[in-house]
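Chains here go by letter, A, B and C, matching the order in which they are written, and residues are numbered from 1 within each.
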Amino acid sequence: MKRILTGSILPALFIAIWEISSRTGQLTLESLSRPSDILRAGIAGLADGSILTATGQTFETALLGLAVAAFAGIIAGAGLGLSPVLERVVSPTIEALRPIPAVAFIPIALMMFGFGISMEATIVAYACVWPILIVTISAVKAIEPRLLEVADTLEMNFAERLRKIILPAAFVRINVGLRVATGIALVVAVTVEIVLNPRGLGYSLMLAQQSLRVDIMYAQLLWLCVIGYVLNALLRNIGPASIVLSRAGR
Amino acid sequence: MQVRAKQTAAGDNAEATTPAMSMDRVNLSYGASPPERRLILENITLDVRESEFLCIVGPSGSGKTTLLRMLAGLVKPTAGEVRFRGQVVSAPSRERAIIFQDYSKALLPWRTVAGNIALSLEAEGIRAADQQPIVAALLAKMGIVRAANQFPGQLSGGMQQRVQIARCLAQRPQILLMDEPFGALDAMTRQALQDEILHLSGEGRMTVVFITHDLEEAIYLGDRVVVLGDTPARIIETIDVDLPRPRDQLTTREDRRFLAHRHRLFGLLRRH
Amino acid sequence: MRKIDPLTIAAVGFALALILGWQLLAELKLISPIFFPSPSRALSVLAARVVDGSIWVPFVATGLRMLFGWALASLAGIAIGAAIGSSRLARDLLEPTLDFMRPLPASAMIPVAVLFLGLSNAMSLSVIAFGAIWPVLLATVHGFSSVQAELRQVSDVLGFSRFEFLKKIALPSAFPDIIAGLRVSLAISLILAVVTEMQASLPGLGWDIFFAQRMYRSADLYAGLVLLGAMGFTANHALLLFERRVLRWRTLHA
């Protein structure tokens, strides 16, 4: 609590000065707007549902891309983590592909899918698959070998092994990777929308700027900070919460 | 069997010389206000005489380290005064070198051994060219010449502690404060370093305050041993160690008086 | 004669197999040549552009953008991070705000930057710098605020001034964190360079790729991707080598 209070001092001061100087005419840049207008625009945007719709679109796309990346990344990561030989062989190719920025694939995705969810989700998936893959490989490599020997003795196939031994054992680490990937998913989704996809928060941000409604633009930026922050907080607690839940379920 | 004049314990040449350091009715508490306030040290009054080797023993967590840090000037007493040569101690100073128990955290891992020792010289503003011979001499003195260009992470515990001592000696301190410096080392290294520190302090007539929980080590090394009780810690007793110098790991430890002191200390600590 | 590790051969073989497989699919027209030009076509386009020199302008443009933005962000990030990290008061006042602003996608600042600076290089650099500063800033704050207590005490005993403490002890102590932050920043700089180029039609590989798509010149597009990958890989590796050199002491053991 005290932390929130001390942390609010400077921002509060900043907002106050901004508001006052724009009212007294000290600060008149059209590009700047003022805190009270921004707040008003924000509330209006929430009330008429426009901000929430856009948020929903962005989340939807990000989630789709994330799900695809998680599915591919975890399975491939598990396979590579279990076989050092395989990992050695595939790893240079991974290292060659990984540095290519996901956004560079926007034109290709555009060609293939046109505007819309699929295009954006593809880019998100490409961006998220690498951290998930890498974290899963290292998580699987760190699994206690005894557990894998148990799987061998019981003659489990790959799917069973994955479900019953690998995923539970590597859960914590993979979870951390997923958290990182979720952050990436959101950022990439918004980026694709800013560059050219006509849906979601990024797009409405660009619209606001182009129609010179700066108050709406800043309000949406603030909203982005808020949901990003809330999402992070939720994710940070999901890990421990799900562990507790899974224990309770036993 | 030589008894070095300066080391006579009780019945000193009562020259009323200012002690190297003194603590007068010092209290130390943690916590701002009554519910959280904990008294750690209570009514500590002691003198550290010039050129003496003073050992302080007590149960774990009894505030020995805190006491040492007050002598160093890193912690201020809640009540009472700490003095160095008569002046009240208000801040740490190069003259009071402190050697930490956790040597790995007290050395700069990114500098070589020579670089670590040079740190003290840099603090005094000695030019790089002039630092060389001093560092070389200290390396030789502590027997770590071979390690000069290695990083602390490459050295054993005993070597790292030697580097820390060398760095402290580079400060040309008036008093050496040592916080359970050999606690983390194996028995053989510990004994070697005990003898080295005795040699160093004797040679330079250095004043040393040495904290340890090892009673035998305290008796072996010290001219006097101060015994602290459990929290809130008070000085239970101060024992004069009337064993002859130079000390010897074998003969001194078998000396009848050594055993008597040991007996006494064990008894005191058991009761408190 | 050093024996070549069979696994390395297998690794190279794997990558080649992928490329050849793709080539085969393209030749057999099993995949659309518009979306997936054959590697040979992409490579020949790349080679042609290297020969006639037209590849260098965009390559250098993107590279410089990335490096300038990154350098700017790094210097600012380290300076500000050092100031914040070494002061309890500053951290208490600023950390909550930093935490709040952190999740903001850097690209979201593009509309703001366009508003103030138009579709220009300045816009691009400021967006890159804004995005790239976070990892360095946060890493530096962490590094400076987690200097070992014992080292602080040693510094006090030796009588170092605050500035000397920061220079001789806090900064080297924070190096590992800072360098990790620099690597992330570099990756972000590349991404934002590409994004801002696409957005503002600034000369560079990002815009090249965008333009190639408009003209349905997919071979050019893939050639651009290869170059971007190469740039990212080289930059990251260079930093990695630098890190190994500077942090040599970390890898040496007793």
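One rule holds for everything that comes next: a residue touches a chain if its C-beta (ideal position, glycine included) is under 8 Å from a C-beta of that chain, and two chains touch if they have at least 3 such contacts.
What you see is a predicted model; the values in this text were computed from it and never measured.
J.: Please give the intersection of the contact partners of subunit B with those of subunit C.
T.: Intersection of subunit B and subunit C contact lists gives nothing.
J.: So which chain ends up closest to the centre of the protein, judged by Cα positions averaged per chain?
T.: Taking the mean of all protein C-alpha atoms as reference, the closest chain is C.
J.: Looking at CA centres, what chain is most distant from subunit C?
T.: Most distant chain from subunit C: B.
J.: Would you mind pulling out the distance in Å between where the CA atoms of subunit B average out and where those of subunit C do?
T.: 50
J.: What is the distance in Å between the mean C-alpha positions of subunit A and subunit C?
T.: Roughly 19 Å, centre to centre.
J.: How big is the gap, in whole Å, between where the Cα atoms of subunit A centre and where those of subunit B centre?
T.: Comparing mean C-alpha positions, subunit B is 55 Å from subunit A.
J.: Please give the residue numbers of subunit C that touch subunit B in the complex, ascending.
T.: 148-151, 153-154, 156-160, 164, 168-169, 172-173, 175, 247, 249-250, 252-254
J.: Within their complex, state which residues of subunit C touch subunit A.
T.: Residue list for subunit C touching subunit A: 7, 10-15, 18, 34-35, 92-97, 99-112, 114-116, 187, 190-191, 194-195, 198-199, 205-206, 209-210, 212-213, 216, 218, 221, 224-225, 228-229, 231-233, 236.
J.: Give the list of subunit A residues in touch with subunit C in this complex.
T.: Against subunit C, the touching part of subunit A is residues 3-4, 6-11, 31, 85, 88-93, 95-97, 99-108, 110-112, 183, 186-187, 190-191, 194-196, 202, 205-206, 208-209, 214, 217-218, 221, 224-225, 228-229, 231-232.
J.: Would you tell me which residues of subunit B are touching subunit C in their complex?
T.: Listed in rising order, the residues of subunit B that touch subunit C are 72-74, 91-94, 96-98, 100, 102, 105-106, 108-111, 119-120, 122-123, 150-151, 153-156, 171.
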